[in-house]
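Labels A, B, C and D are assigned to the chains in the order they are written; within every chain, residues are numbered from 1.
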Amino acid sequence: MKIHEYQAKALLSQYGIPVPSGDVAGTPAEAKKIAAGLQGKVAVKAQVYAGGRGKAGGIKLAANADEAEKSASGIIGARLVTHQTSARGAPVSHVLVEKVVEVRRELYLSIVIDNARKMPVMIASEAGGMDIEEVTLTSPEKILKAYIDPSAGWQDFEGRKLAYGMNLSAQQVKPAVKLMANLYKLFHEKDCSLAEINPLVITGDDSIMALDAKLNFDDSALFRHEDIRRLHDPAQDDPFEARANEMGIKNYIKLSGNIGCMVNGAGLAMAVLDLINYCGGNAANFLDIGTVNNTSAVISAFKVFTADPDVKAILVNIFGGMARADTIARGIIEAYQQIDIKVPVVVRLAGTNVAEGKRLLAESGINYIEAADFLDAARKAVDASKGGRN
Amino acid sequence: MKIHEYQAKALLSQYGIPVPSGDVAGTPAEAKKIAAGLQGKVAVKAQVYAGGRGKAGGIKLAANADEAEKSASGIIGARLVTHQTSARGAPVSHVLVEKVVEVRRELYLSIVIDNARKMPVMIASEAGGMDIEEVTLTSPEKILKAYIDPSAGWQDFEGRKLAYGMNLSAQQVKPAVKLMANLYKLFHEKDCSLAEINPLVITGDDSIMALDAKLNFDDSALFRHEDIRRLHDPAQDDPFEARANEMGIKNYIKLSGNIGCMVNGAGLAMAVLDLINYCGGNAANFLDIGTVNNTSAVISAFKVFTADPDVKAILVNIFGGMARADTIARGIIEAYQQIDIKVPVVVRLAGTNVAEGKRLLAESGINYIEAADFLDAARKAVDASKGGRN
Amino acid sequence: MSILIDEKTRLLVQGITGGEGSFHTQRCIEYGTKVVAGMTPGKGGAQVFGVPVFNTVESAVRETGANASIIFVPPSGAADSIMEAADAGIPLVVCITEGIPVMDMISVHSFLKGKPVRLIGPNCPGLISPGKCKVGIMAGEIHKQGNVGVVSRSGTLTYETVAQLTGLGIGQSTCVGIGGDPLLGTNFVDVLKLFQEDEETKAIVLIGEIGGTMEQDAAQFIKDKVNKLVISFIAGASAPPGRRMGHAGAIISGNTGKAQDKIEALSAAGAIIAPNPAEIGKTVKKSLKY
Amino acid sequence: MSILIDEKTRLLVQGITGGEGSFHTQRCIEYGTKVVAGMTPGKGGAQVFGVPVFNTVESAVRETGANASIIFVPPSGAADSIMEAADAGIPLVVCITEGIPVMDMISVHSFLKGKPVRLIGPNCPGLISPGKCKVGIMAGEIHKQGNVGVVSRSGTLTYETVAQLTGLGIGQSTCVGIGGDPLLGTNFVDVLKLFQEDEETKAIVLIGEIGGTMEQDAAQFIKDKVNKLVISFIAGASAPPGRRMGHAGAIISGNTGKAQDKIEALSAAGAIIAPNPAEIGKTVKKSLKY
């Protein structure tokens, strides 16, 4: 789960990590008031989840409160298109108004999980302020890593290694090491999946500060962080995905094709996209229905499909394991009863309780297309999406 | 470092572990007031560091506030002699007045460090309320252990193992597991060396509660626990040891003999006791002067010796390593200048900077007895303690 | 032979009294697996389909000699359950649970280090040695005893693959679903090693997917150590980059996670690549004829 | 030969700019030890007795090829320093620091597990291979090169023992002070094993003390694996039970920590017991004549 920059900075601050003075504003008037309180030059920053705001005009500098108000009124309420958003862009409802600090050096600091080593790794670089993946490719020697061994937790020597490695001065090292310890504490206690400060800056008065910050959280751990879960801003989600999410479909991703796909299991769902592609068609979505124990998830998926004007055909491909084919069949039948389904529906069931599932569908009288196997299902769905039937 | 029961219970409470209602009283009047507030039967418990209070008359039951006052007046201000104290007993300045709870079962729970495995171990037993070392000998099958692997920290499965192992009922298991997790949190966060709840009781209303509690702390970690350090009650210390402590001599233990010993290193200090014993004498103390970098510790040690009427001779045995023989020599000379030393002093110096140390002593003109080697030092000290000189 | 599980496997089901736990306990028993014990704290003394339930893994192992465990415990308690099984000395622990917090799994891996235990999963379908033993949630009837080993990151895509194989008359020695999470107990290389050592296994099917570099590691191992036929399919070639596709492991990070890179690495290592997911079985059949 | 350290040892001093650190750096250099680097955060670039100082152990190792480390860092930072040395790949770490919190040492041992590093100490005097190398705080001049190995829990009692040996003309192969703390990196058995394997070492002096069961473990090992002469003394026979005598390790807990039990175990294992601490050297001399 992602959160906004202003929320991330509030969390950093709570963990003792210095951030620029500032506050979030929902209206130009609020932005003006905050800017007035800060005095001097401020930055007005659009609050969207997507990166690349600077180049897209989402960050404006303002010399005084009036300019800040003007900048805010140009940003709040608009949609911001960056290289990370869709062409529609992301809606901006808030701006962060921050005092501009004098920047002497721009560094990079982040924590992620190293899957191979099975431990968190802190990444630091002198080349802050730029795209870190770029730095990884062009100047790999500038990327420093410190692994955090869970058997002993964070140790200051790791911080010193990174701090001296970034060529910090003697008096900058201690606050930097302290900041790193605090960032790891936040990462660990809040179950982050990414904690990134880019740039981490050395200011004109030689102090260290997080100028921009990004925190992502482990979705699987949100059950123990109600405070974090509440920070989510659904306006930043894709509207289709948000709707699916609201309806309890967690693993739904909108794609550009026209075949609505309902599959169980992420690997099989990806394979279905591959097979549709192989058969000359295009999927309208990725949807892993997961382990369904009742029919409501199936009905929800059909509601998502029918609400999507792009969807010209629906492909249901279920190989029962934890999910049971008979439950899926019941869900399809109920969906037909509850929703006006205008597009052809290809159904392929296999695995756990498949005989019962097929029997239910056959006896239900609904107008579905039965597929014999995996390839048959994809072919029939691609045909149907091209108007081969209906 | 040890603390009183009432302080231990306050810490347990702070960590969410239930303890009986009650409060500490410094006067009989206070005890009466607390008892009145608690209503019903109360226990009046002498607050001393030593164990064995019950049998020694340090715990009285009182049916009402007036009885509590009477019991308290019999305890406060007296000295309590138990099998763990010296014959003089321990002074009692406070009593803990607690509501008596109905006890259904008495269990045992503690955490210590297992030195061989290098991790904390939680020990639980159904046989609570008695001397656990006794249980270890007579019913070892009733001693359950759960090791707390530092690589993952406390895990509830360990708690369940102990809880079911103690034959707790289904509804008692969850609160017991929670209590164990909390006790480990306290142990870990406060750098305990021992956390013991004996007995841990199941009350009449089926809840779980710490009826008595003992917390010891790692002296080496007190530098990061000012709150704990402040809890120490110097009145509970041996007066000689307390005086030595105040003067900066940390490793001083009063013994029953008459030769004051100043040695560097615990092993050598023990060996000196052994050698004095071997030569037919008895040491008045164990004293590891440790690594001395200035003369003040040496002077303090001499002050401790001269204040002890038992000391009939002094033996200084230093093998310089971290401690340097010349510093010790300077300390002895200064001690002679500052203090009226009436007993013979045997000095044996060796190791780092020994030549300089011997020269200083020889040229100082002080009246000391030089020993050629270790055995010679012990023999001369034993002789001197028997009036062989002076 | 087969790998990891067979007729000598004595299974403990952790979370046996839950819905999924009891459902799959029955399925495993029906398949022929010796389910000797169940464990759910507070349900000790009960029975589920004739299987005695214990309060702790330790007591279950002591009383029944269980030597493998399958975990159906909800995400918040699953890490604790894995550690409990390892602490009790169970050498094979299969964790079905999906959605365990990453930090919990980091603790688990730190705890397991140096202990004589193999973890399969989490977020996996388990494993099956057809005709001998099933420790997982796959439909047993789609399998057929034989000598093709199957290893996969995906659950349902494995079923699909196995169904294709069985449909073509090709039996399996053991099918192992290693799971879709980023932090796995057992990876491709671990299983390839076992298949290579297993005399019964004549060919290996490896089903990978986008994200991570586990398939590249597998390719290196195949090149260096495997002299058996390997047939492979990598799911997600048509997935748009940068999006999370269900499996936490399936994020393309940098260049290394792309399907094409994985396919090229495996192909260069001598593996035969199936053209599409519907023809994995067919590719195996053709390859076995050589 | 000798064990653990010799002419090839390249020593790093952690905490070199402190009082004790710089004092003993000079003493080690004077003795002939190759002190190649020092480390104190913030003092990188300085020199101490001609030894270059670095900000991190990693950079010190990279620049100087240090292969052993001695730690003079105050207790609050000592655990971090041990881990830093291990992380930088130093195979031998000697921690002199006394008074490290037990919880910190638990973290250290957990961190070191499985890493290719030997920790000596903490709260120890270090070790010396007379005539070759000194990595410790003992007075070098009391030692004499030879073939008696010395291992001890006590610092100054070791000096006493060594002085007795040297006074009687008996030289030492290596003298190892394993330290007085309850949680030690290296124990008696570890060192006995090395002495047993070392051809130069003909006899072993083992100085134990009350508390714990390390001497009993040593006795068992001597019985099973050591065919060299072992002479032993256990300090604390006259100590009153239940009192802490300086060393955190020296608490008699239960029956197992008593001097008499240790003496009996060692004696039963074939070790020769010195009658008193002033005659350890004499006992060795007499024993060597057999």
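Details
Throughout what follows, contacts are C-beta pairs under 8 Å (C-beta built on N, C-alpha and C of every residue); 3 or more make two chains touch, one makes a residue touch a chain.
All figures in this text were calculated on a predicted structure; none of them were measured in a lab.
Number of steps on the shortest path from subunit B to subunit C, with steps defined by chain touch: 1. Chain pair with the larger contact count among A-C and A-D is A-C, by C-beta pairs in contact. The mean-CA centres of subunit A and subunit C are about 28 angstrom from one another, to the nearest whole unit. Separating the CA-averaged centres of subunit C and subunit D is a span of 48 Å. We define each chain's centre as the mean of its Cα atoms; on that basis subunit A and subunit B are separated by 56 Å.
Residue positions 107, 110, 113 of subunit D each touch two or more of the other chains. Residue numbers of subunit A whose C-beta contacts span two or more other chains: 149-152.
In terms of which chains touch, the assembly is arranged so that all chains touch all other chains. Note for the complex: subunit C touches subunit D at residues 113-114. If you check the complex, the residues on subunit A that touch subunit D are 149, 151-153, 155-158, 160-161, 164, 170, 173. Within the complex formed with subunit A, the subunit C residues making contact are 19-20, 27, 75-76, 96, 98-107, 109-110, 113, 125, 137-139, 142, 152-160, 163-164, 180, 182-183, 207, 209-210, 212-213, 233, 235-240, 243-250, 254, 275-279.
Residues 41-42, 44, 55-59, 77, 80-81, 83-84, 87, 107-108, 110-111, 113 of subunit C are the ones touching subunit B in the complex. Considering their complex, residues 150-152 of subunit B touch subunit A.
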